[in-house]
Amino acid sequence: MNAPISIEMVMLLAGILFILGIAGVIIRKNIIFMLLSVEIMLNAAGLAFVAAGSRWAQPDGQVMFIFILTMAAAEVSVGLALILRIYHQHKSLDIDKLKEMKG
Amino acid sequence: MDYLLWLIPAFPLVGFIVLALLGKHLSRFWIAIIGAGSVSLSAILTFVIGFSFLSSTPTGGHYSQTLWTWLEVAAFNPKITLYLDALSLVFVFVITFIGALIHIYSVAFMAADKDYARFFACMNLFVFSMLLLVLADNLLLLYLGWEGVGLCSYLLIGFWYENPTNGYAARKAFIITRLGDTAMAIGLFVIFYQFGTLVIPDILALAPSTWHEGATIATVAALLLLAGGIGKSAQLPLQTWLPDAMAGPSPVSALIHAATMVTAGVYLIARMHVIFQLSPIVQMIVAGIGAATLLIAGFSALTQYDIKRVLAYSTISQIGYMFLALGLGAWTAAIFHFMIHAFFKALLFLAAGAVIEALNHEHNMFKMGGLKNKLPVIFWTFLIGSASLAALPIISAGFYSKDQILWYAWASEHGSPILWLIALLGAFITAAYTTRMMVLTFWGDAKTSVGHYPGKLMTIPLIVLAFFSLFAGFIELPHNFGQFTLFSNLLHQVLPETVLKAGIHGELLFQLLALLVTFGGIYLAYIFWYKQPQRIEKLKRSAPLMSLYRFWFSGWGFDQVYQVLFVKPIVFIANINKNDVVDKLYQGITTATVHLYRLLSFTQSGSLRWYIIGLVIGAILILSIQLML
Amino acid sequence: MILTYLIGILMGGGLLALLLGQWNKSLPKWIALGTVSIGFMLLVSFWIDQSHGVNIFLSETWMAEYRHDWIPAFGISFHLALDGLSLLLLVLTFFLGILAVLCSWNEVKERVGFYHFNLLWILAGISGVFIAMDLFLFYFFWEVMLIPMYFLIGIWGSEKREYAAYKFFIFTQASGLLMLLAILGIYFIHGSNTGNYTFNYFELLGTTISPDTAFWLMLGFMIAFVVKLPLVPFHSWLPDAHSEAPTAGSLILAGLLLKTGAYGILRFVLPLFPEAAQSVASWAMLLGVIGIIYGAILAYSQTDLKRLIAYTSVSHMGFVILGIFAFNELALQGVIMQLVTHAISTGALFIMAGMLKERLHTRDVRLMGGLWTQMPQMGGTAMLLAMASLGLPGLGNFIAEFLILLGAFKANVWLTVLATCGLIFSAIYSLWLIQQVFLGPKKTPDSVQDFSWREIILMASLILSIIWLGLYPQPVINTARPMINKLEKLFVNQSTNNKHVNNLHSTICIEHASSTASFSNTIKLV
Amino acid sequence: MKIHQLTYIAYCLKMDIFFYITAFVTLFSTIMVITRHNPVHALLYLVISLLSLSVIFFLLGAPFVALLEIIIYAGAIMVLFIFVIMLLNLGKETAAQEKAWLKPKIWIGPVILSTILLAELVYLITMAQPPSYTLQTVDSKAVAISLFGPYLIGVELAAMLLMAGVVGTAHIGQQKKTVLHRFLKEEEPS
């Protein structure tokens, strides 16, 4: 059943979601929120892939989405472990505390 | 006899090498033997060769001996050849004869000095290079002698090197003469490219055919050679070094700065007379320079208090006479005046040296006096010398040589009344400052006691020179005293006769005028500095006269002008640019890279938010580019 | 075959010195002395039987040649050849090599093995540069000569040695890379023209290149040589390198490294790009003259003795550029004489400076003074060397400078007049050097002893060679003549196409007509 | 017109509105995610947005992916998040702290930036006017075939990635055992 939704609409949605994700990353200072926003961006990308896949009736879009999923999973797990460590060391989740890597 | 020619310069060269290398180990006696002996040997040899030259003049009027080919590139192959003709014979005679006498004199004069060997080594080297200069057959060899002489004058002026002012005077002398030498070097290039060779006889032969009279190239070549001559003979604009050169020992001043080196310019112009004849303008310039220098130096000599500086300025003015004679085309008169001047000026310098040493190094004439009866020999020889310098008529030799120049200043083809008047005024001033010198040093009451009496070795040369200063003049009598012109007949083999204006007579009248002027000068100096010294005090009070006195005393301000014009700017530029502006350029590049590094490191500030914002800005930029395209 | 022996001996000696250096301190210097003197003897015997064999006007310029394929794929071959110019410079290299080893006899205390290794490898690099006939091999030796010198300055130098070593290295390396580009450029152009890609110098000679690419390739080569031969804008590495290098280092730097620059121009720039060289000639001569005067003025104001001598060699090298770009036999012979005599006189001055540094432990001229009383022998030699550097006739430098000026006078009158004024400045700084160091009141409190026997031999050999070159330079001129004639023919038929055709009889006699015409109209212009 | 055509058209119409509704829900919930102070609320909004996204996937005709989204993304990853947040007990005071941090002065700049980016993106997407084809569904069979066909290597790599993730997390997450001893207070190195 081919839905009558036009591709730009979906692309537009993905774009907006992506922008929201970026805004989230930039605005928030708490690392967790930044991680969340990254998740949003990942989903937006996934949406775009799937939309393109369905547009050309190719499975590639969905395969890419699956890869994105696996990547997201791995990334979140490592990210959260790091967050735990940071919390233990710095007792706060403020991103500006982590300034040691200065040039 | 020409195969012996190379021995004349060889003796002093051997003397120099022996003294330079083994000087430290030889005893004073042996140093004196080698030093004075080598020059006397070459003097004797010169007599022998001179005698055989005069008795049987060789074919072509010259001896020449080629030692080896110095250099051979493309068409430029100067050889080391010694060339003796009448002109160089006179010069070689003067150099070796007076050189020998001065060496004998300095054996005693320098006895107390610790650097005995170095003194004689440099003196011998000087005599060698002067002989080379005079005997050279090509201009490159002449240039070698020319620079060698400059080097030795540098070494000998700065002989007492502890005192930095001597070092300064020596460097000043070398650099100013070097100015003239570079001009002469450029002259050599011009001549080489015109004639394809530097051998003097060929040049003199080719010149009239290659250049037409008054050609621009002839003028340029003559001017450049003249510049070389001016540098070495301390003529106007380049004469400031000679008065300072008196820092050297007196025998040095006698040999180098009176008899031989300073007349190298005269020799050069006389030797290359064909080129000067081809450009009358330059000949006029030579006469002009001669006249101007004799006046300027004369007036400056009048105001000096140091006895050696008076003699130095008088040397400049006498050489001015020689240049005047050369400018007028009176070649033989110039060379005759050169010979006579060498005799009495060397005598005056040596006597002055004796006086200075007697009064243990007192140079100021106003502190001397009353030496008439204390140092009788010195007094009489000094008197003869100054008589000859002042050109006392008939008895002194100076009269015959200077009178000729005065006569030719009026009568010769290029002569003119102004030049004659200037020469006459010069004669008057010469008489004045000579008597002033005599009166101040020998008459009046003794101001400093005589510490040390000159030995026999110093007085004999003085007497011999005094003899020549009196009787050397008789070999060339003026025309109206009977046709007895031995000297000019000899020189006319090489130098052309002087052309007189048509219908000129009354030489006697001019001689009488010159006589009157000389006696006037003597009387004036006698009055001012002996009879009524209070006149001087009166004159001293008037301010303008005093400023004139200071102006003359400083050698007409040339030194200050050169200091401001040339020395100060170069020293200023050098010191400012000490560490090399161009180096700054490269240091600039390095500092620029360091700043760039610092700028970039600022962007790695470590805060994640800054990186993400950077990401977003990057994205925006890319998209906007995408939009624009 | 002698050519490979020469380089082989030096490199082998270097390695041997390095290995034995570990065990005892004094062995390396004897090894070094042995290797360099063997090389020198070999070379001089070769030169003597060459000079008997060869008559003056031999057309065949190449005396010895050795070729062996190295990387055939790219057309690179181990190709060495020797002609008059290279023979002269090789003899000079070995002669100064011996002196370098002698003068660093007891100056270098630590790591003596490595020091002599560097010394010998620099000499190997330099002699390689002088005889390499394969452009790739030439560039290889160009680098071989550079690196040990960097170590020499960097390790055994005095206070600011790292700065000086870096500066020296960067200057030469950067310009060397540009030369590499030019080499590759001509390699490919030749390859595309004729099909066979080779670095062989003789085959590359004939390549026809369009004028503007030829101009840029010529510039590529020139930049490397002009930096090495310090021409004014690129000279600022020389004073630092000289004042910080050890005595032997600055002796080799002044004596040989500067000559590789001049040799490069004579060997590669002029024959490969005659028209381009002709077009840039007047500019180069102008830079040369500026170099003369600028170097002289700077030398006058220095207080560090070695920096002063370094600037004097900048000034002397200005004459070399003036002579090279005058393109006539007189000037080119003068250039070769200048290369030889400048090496000897400046080398001697540097050895003198080294000795003074050993005795007074300072290079500052203001602290020295009145040394003549204690050291008359050193004073005498210094006086003679100063006279050589200001171009006193009777010494080698005068012959060189006179020939250069004479030759350049024909090419460009007014620049030569300016250059001759440079002679006055050279007098000023030489006398200033003597006045500061040897004359004047005594400043140094402690007593200083004069020459030891080793130093006497050292100095005597240098002085004798300067005087011999001054009075009888003919052997040097004869050896270089065939090469110079070939070079000059290249440029003489260049100038025939301009308007006043010079007269027919051979180039031996000077063209009166053309020179007077050109000369008189320049005068009218003024 | 045949009945099935009509139902088809109605179906399409209905479907269209349906899409817009879910899109609106996703957008609203994502905005809420960003603006909430309390992390737990933000997280829950994110879960809602993920669910609405999976609905969109359904609409786009990718049922397999939609389900995956729900199971893995919403199910696993978000639960992990909640678990971590609970572990760090980021309760009230973090919300207060967030309020302090979220001053207008801070978020004005980023918001401007993202609006510019948004504007550009929107313009770019709308500017290019491809003919709007209808979207076809791609069922899981086709996905599975291509997953284990051309993308076989991709799958293996994904597996390795996950294994690396697990190992990494295990290593980083290791707690340093602090031995409480009466006298010596030393920490065993992790």
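A few comments on the model shown:
We just call them A, B, C and D in the order they show up, numbering each chain from 1.
Quick note on the criterion: contacts are C-beta pairs under 8 Å (C-beta built on N, C-alpha and C of every residue); 3 or more make two chains touch, one makes a residue touch a chain.
Here the structure is a predicted model, which is why all the values come from computation and not from measurement.
The chains touching subunit B as well as subunit D are A.
Chain centres here are Cα means. That of subunit A falls 69 Å from that of subunit C.
Each chain gets a centre from the mean of its Cα atoms; for subunit A and subunit D, those two points are 6 Å apart. Distance between subunit A and subunit B, defined via averaged C-alpha coordinates, is recorded as 98 Å. Averaged Cα coordinates give subunit C a centre that lies 75 Å from the centre of subunit D. Looking at subunit C, one finds that none of its residues touch two or more other chains.
Among all residues of subunit B, those that touch two or more other chains are 613, 616.
For subunit A, the set of residues that touch two or more other chains comprises 22, 26, 29.
Pairs of chains meeting the touch criterion are A-B, A-D, B-C, B-D. Contacts from subunit A toward subunit B in the complex involve residues 22, 25-26, 29, 95-96, 98-103. Against subunit D, in their complex, subunit A makes its touches with residues 1-13, 15-24, 26-30, 32-33, 35-37, 39-40, 43, 46-47, 50-51, 53-55, 57-63, 65-67, 69-78, 80-85, 87, 93-94. Taken together, the subunit B residues at the contact with subunit D in this complex read 613, 616-617, 619-620, 623-624, 626-627. Those residues of subunit D that touch subunit A in the shared complex are 11-13, 15-16, 19, 23, 26-27, 30-31, 33-34, 39, 42-43, 46, 49-50, 53, 56-57, 59-62, 64-65, 68-69, 72-73, 76-77, 80-81, 84-85, 87-88, 90, 94, 97-98, 101-102, 106-107, 110-111, 113-114, 117-118, 121-122, 125-126, 130, 132-138, 142-143, 145-147, 151, 154, 158, 161-162, 164-166, 168-169, 172-173. Interface residues of subunit B facing subunit A in the complex, by the touch rule stated above, are 600-609, 612-613, 616.
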